[in-house]
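By letter and in written order, the chains are A, B, C, D and E; residue numbering begins at 1 in each of them.
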Amino acid sequence: MNSELLVQLLVNGVIVGMLYGVVAMCFVLIYKSTQVVNFAQGEFVVLGAWVCLSLVIQMGLPFWLAFIFSLVFMMLFGILVQVVLLRPLVGEPIISIIMATIGLSIFMQALMNWIWGNNAVRFPPVFDQGTVSIGGLNVETAYLMSLVLSLIVMGLFFWFFRYSRWGLAMRATAYNQQVAQSLGVSVGQVFAMAWAISAVVSGIAGVVIGLVSAVSNSLAIIGIKVFPAVIVGGLDSIVGAIVGGLTIGLLENMAEFADGQYLHWGNMYQVAPFYVLIVILMIRPYGLFGTPDIERV
Amino acid sequence: MEPGESLLDVRDVSLRFGGVRALTNVSFTVNKGEVFSIIGPNGAGKTSMLNCISGRYRPTEGDVQFKGASLLKRSINDRARLGIGRTFQNLALFGHMSVLDNILVGRHHLLKNNVLTGMLYWVGGARREELAERRRVEEIIDFLEIQHVRGEPAGTLSYGLRKRVELARAMAIEPELILLDEPMAGMNLEEKEDMARYIIALSEEFGMTTVMIEHDMGVVMDLSDRVIVLDFGQKIAGGTPAEVLADEHVKKAYLGEEDEMLDALASSEMEGV
Amino acid sequence: QDKVLVGHLADYTGATSFVGKQFGPGVSDAFKQINADGGIDGTIVDLDTVDYGYKVPEAIALYKRWVGNGMVALQGWGTADTEALISFVTRDEIPNMSGSYSAHLTDPKGTNPNTKLPAPYNFFYGPSYSDACRALVEWAKKDADAKGIENPTFIHTGDNHPYPNAPKEACAAHAEEIGLTVAPPVVVPLAPGDFKAQCLTIKNSGAQYVYMGNLGGSVVSLIKSCNTVGVEATYMGNPWAGDYQTVEAAEAQNLVFPSSTPFYGADVPGMALVKKILENGDGQVGERPTHHYVRAVCAAYYMKEAMDWAKANGGLTGKNIRDGFYQKSDWVPEGLEGVCGPVTWTPEDHRGLMSVTINSGSFVDGKAEITQLDVIELPRRADWLGQ
Amino acid sequence: MAHVPNPRPAGDFRTSYAADTSLFRTHLESRLTLLLVLAALTVPLWGSNYLLSQMILIGIYGIAALGLNVLTGMTGQISLGHGAFFGFGAFASAYFASKGIPVLIAMPLAGLLTTAVGMIFGIPAARLKGLYLAIATLASQFILQDFFARAAWFTGGPYGALAETASLFGLMINNDARYFYLVLFWVVVSFLAVSNLTRTRDGRALVAVRDHYLSAEMMGINLTRYRIMSFGISSFFAGIAGALYGHYLGFVSGEGFTILLSIEFLAMIIIGGLGSVSGSLLGAAFILLLPQAMEVFANGMAGVFPSIAQGTAYIKQMSVGAAIVLFLVLEPEGLIHRWRLMRASWKLFPFSH
Amino acid sequence: MALAEPIAAADVATDDILALNNVEVIFNDVILVLRGMSMAARRGQITALLGANGAGKSTTLKAISGLLHTEDGEVTRGTIHYDGVDVTRTSPDRKVKNGLFLVMEGRGIVQDMTITENLRLGAFTRPGADVKHDIEEVYEYFPRLRERKGLAGYLSGGEQQMLAIGRAMMAKPKLILMDEPSMGLSPLLVKEVFGIIRRLNKELGLSILLVEQNANMALKAADYGYIMENGKIVLDGTGEALSENEDVKEFYLGGGERRSFKAVKSFRRRKRWL
């Protein structure tokens, strides 16, 4: 057994998994406050990356400034989406709203293609040292940045939903919009807030991914790739999102190890997590940390 | 089975949710043909008791026997076939289905057509069967006087009507034992009178045995043959309505100390008026 | 005025738009020039270019609409739609010049027993994916010998998808035949991402020659990831995987890729026409098109000359145009000397081009530098037909 | 789904239960539907090839969408793997046909095999609900896609498989006109079957499971059985539609059956109207024709503003996205709902409001 | 006592904290539910609204709070004044901020939150309030809630009702609309809840609009009452006056003497106001 390779793959799994976790948190955030599954999540991620990249390349801004500006942009964008797309749909069946996010993703894909083209564009070097060696594996510095950020974001979210007034309001809105309204919660504001925060965090993830793999529109696939992570963790659990991300990251890499070393079936990296996903769900139908529905009659 | 013979036998049932003791050693017997009421303060475990009978909850201890056989090993969806129907405290209709279809669902276990014959409809007998069932269901609809809403989706009806549709659906099962969880909640007097009429008919016309949870003491007094009282998951009293109403524990835990109307009720019952 | 309809499926927004946005304008600009130069002996080619977003049902709908409107030939595009249309174009007798280079499109009569579906109306300009890959392994073998590499190892990477998979077996077989070790293939998604895990497997396999079956962002990601984990190997791309844009985006060193035309601006006589086409064109590709654009011009001009022959020999029907493709051997379209060809299509063998130019692209001082490494002439082996 | 009153026109009194359970709400409607089918029969006589091919595709996609509507609309289980089942049907039929089974028999066989596969992938439905189940079906999408590329013996592997031409008593169904009748046959059969299902026992059981599974269970409905059965039914129609698709193209390649197709199916039923039988067909038409309509729109835009001529491709795609969003904003409950509203206010006039 | 006439706009008395004038509500663009509903709630008083199932009581309350939108309903005609201001089209959250709070039918507690979280949510419109203290106050009224741990969804029906009223108290409203607060409560609790309603009214000076089926209790508690049928008011008067009305007695209170439910009528009597 090639233990050096295994260790490297595991390290890689943790690192990549953390990033899945961050994107998964964006999902969870939207879901927790609006019950909507955002199919345009991947596009949000890529948009953040493009905006930051353009600010760096076209406007010549220093990276950190561009990074902050792009997060501000993402916040505004999140609010815009909410106002234009979701506000008119408040109170409509959830599935219609999910469909609307699919429409949004089609729209954004085309718009981004038009503006930025289909090419992959790399970021100019941002960190003095592009990679850091962990356990014999060279890891991009950007990942470490995201690792720290994701822990902070997770902590903030956790606190937010448990203790803050708006956090409660979001959970109430997700539970039942009419009930939330009757308590004086402005559903519109809750939606706007949720989408803004989610867009900002997506932006962070986008920049990290862009730094690692060059920016291109097809990176939006991450939006679908993190589904398993979200589900394994439990749709409404912030901590679960991170654990789910790590689980999927590790699974992918372990599958790659087994496949590359022994099985040679090919494609296990992509498919194995889905098999495991089903197994996990059969044992825990609400993921590892999700709250079960209350079934009372 | 003869009237007066026991139909349902609840033996030492206890139910716990983590630390919450919803029921503790509750036993009672329901005889065939009677109207049996369970009363008690909110949170006493009445609904939980019905859930133990209807299979939604599995007692932590004890046994529930129906017609002499234990129900614990049977799945929930077996209940209809065994002859147990119920209504729900917080309404559990199929909101997007028409009233008619809601009631037809109650007849699920009595129908024989399946996916295949259903899809073929004209050949294979589904049509004949469905139309025959429709006739039966219309009788229930007429009886409960909900003809005017039979085509409406159940979810848009007002609360009181929905309660009535629930009763219709439970009746459609043609159960021997029907469990009613607060059938009169949210109704005004007039509607309660209607409902009372239907409940009386359940046993007198349709030969069903009724177990009912109800908070309206007038209704409980007038309709039930026997009553038990639960408090904090324990049975604190049982007997005829008059006996129970006179019980000091019951007054304290459930009815409130002094109430002219109830006193009047109790005394009038005693006198057999 | 006399007009004839040619359908054109382009992908400007879909999964393959990375190269689609080079190839598509190449076709439409070329026909614009052809029309400006008098069309097909006076008949104007009504080229209907539609972005179908790489979606099969849309391609079929378009195809039907065009057939209804009297289309005589098709400039097709992706693997999926080309496959889907094989039986249609065969039945309707409409030659399809596609962007899909799958080898099984080259067997019009089903001569090879392994060919499932003969494709008598399918054409493409360039070596098939299999042939291009064979040429690359030939080059790799020479390269390894020159560098004195012991036990040179070849590995196929690409998505589990018809396009990257197309040359998988044929190419591995040839690599083994000429003495390379073949490592188990590694699946790499077509969508870009972080491929460090796959790169670790590649590294572990010890392969020195990595064939990349994907294109665009995925290839860029793969090279970046593999550089991060320290894979030391030569990357070899399929006909769509290498161009200066990819090299620049990936900051690649020595990315080896095949081509079947010179690069834009090369010093060959035919380049004048290509420049003119670009200038008179719609300007969708900017100043500096990649060789995919140039290749598209060739695809258009071969069709044009086949149509010329058809018009002169019985009229502009699909069948005649198909026969037009068989009229010449070592065929170079007029005005494109040094750019296209020479190709030979016969009724038994649709392998037009058997010569493959091997290039190397490196990112130097913020720009891609591309040098030609070799030109491999492949034999027309009968057992390779359709494989 | 909001409620729309459904008054009958004056004079249309139902005098028997049979009349009251008929498939159509009014005589007019039943005659209209019959007329539509009859009119469809004549399309090959006058319709262009393009029209025919569009109608064939709409029919095929409509059958698949109908299947998804049984699963998602009727039973309330969202599936993100319907495209893969569609693909499975295509491969299965091609496989059977290649083993010498006549195509017209291979198609329903493929439907049955897909039913079996769908039920296996539906097993998680016994325990999972809502989006958890949806993501489990996403897993089936990816697992099946992987299978398509891997199982060369069955699917021809990455190259795909040849799907033979259908023939009936020696008559080759090898042009669009003939194929159109074949598809029309299956459309009529499928839509009748599902319409019948909705008015019989098991159809009601499915809807009951969606609306309130706890009380459905108390009514004697075996939840696990019906949840899995619903996957089976939906896969059957996906399989039939896939088979029709495969033999129509003559070639089946795994590439077309991606998550995008699954999402498109979902779009069809949401736009057509969840749970509505005829909505499935409307939704399929909408999603198939929308890009083509938007093409015209984008070209028109470019005609007015020549500066954006280069962006037509993007404008087209953007307008597809925008049209979906706009449609949902204006009519979140689907095309069929709009139709019902129109009918309701027309009949209630002048008493509406 | 007169049959209800639509209240003219000018008649809206200043001591009416709430006034509905000729309100019409339509669901889904086609279903007419309120047909010219006019009524008022006096400041500092308890107003009862009675009526048969399906009369439109809940719809009236939802229209007042502005919660129809999520059900595809709409106020298509008429005006609603709260505190002298036209709030017909004001968003629900603004109304809550201004002290108009609805306790919904079916209680509408957030099932997957704990009791304290639900109570904290009640104070949503009062940022910076001393929530801890207010929660203690609610617990004084409803000691049972203090004992229960875990998610609110597992509470029994009656416990949920207490929580819903407690949550309304957390908002410190001026006007509480209550939709059948006694529904599903044990007799003891019904008395308790009505006691609390009266206390809230007397001690805190809250105005209360009460929709009830328990006409006996409601009319005893109420200063003024309305009876609605088929989407409009058919009868109104002070609590006492209504209690004396023959029809009300017959249909809502059960005549002078208590009739046994066993001896229920077998035919329907006509209501005189219809």
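Just so we're on the same page, a contact is a pair of C-beta atoms (placed from the backbone, for glycine too) under 8 Å apart; a residue touches a chain by one contact, two chains touch by 3 or more.
Since we're looking at a predicted model, the values are computed, not measured.
The central chain here, found by comparing per-chain C-alpha centres with the mean of all protein C-alpha atoms, is D. Seen from the Cα centre of chain D, the chain whose own Cα centre is farthest off is E.
More inter-chain C-beta contacts link the pair B-D than the other of B-D and A-E. Chain centres here are Cα averages; for chain B and chain E they lie 29 Å apart. Each chain gets one centre point, the mean of its Cα atoms, and the points for chain B and chain C are 74 Å apart.
Between the CA-based centres of chain C and chain D the separation comes to 36 Å, rounded to the whole angstrom.
Centroid to centroid, with C-alpha atoms defining each point, chain D and chain E lie 46 Å apart.
Residues of chain D in contact with at least two other chains: 1, 3, 146, 149-150, 214-215, 313-314, 316-317. Within chain E, residues 27, 31, 71-72, 154 each touch two or more of the remaining chains.
Across the assembly, chain C contributes residues 12-13, 160 that each touch 2 or more other chains.
Of all the residues in chain D, the ones that touch chain A in their complex are 1, 72, 78, 124, 127-129, 131-132, 134-136, 138-139, 142-143, 146, 149-150, 214-215, 259, 263, 266-267, 270-271, 274, 311, 313-318, 320-325, 328-329, 332-333. Interface residues of chain E, counted against chain A in their complex, comprise 65-67, 69-72, 91-93, 95-97, 101-102, 104, 108-113, 117, 120-122, 124-125, 127, 151, 153-154, 167, 171. Considering their complex, residues 54-56, 75-81, 85-86, 88, 92-97, 101, 104-106, 108-109, 111, 113-115, 117-121, 126-127, 130-131, 134-135, 138, 151-153, 155-156, 169, 173 of chain B touch chain D.
Against chain E, in their complex, chain B makes its touches with residues 17-20, 39-44, 47, 89-90, 156-161, 182, 185-194, 196-197, 200, 215, 217-219, 222-223, 253-256, 259, 261-262, 264-265. Those residues of chain D that touch chain C in the complex are listed here as 48-54, 57, 61, 146, 149-150, 156-162, 174, 176, 249-251, 253-256, 260, 288, 291-292, 295, 309-310, 312-314, 316-317.
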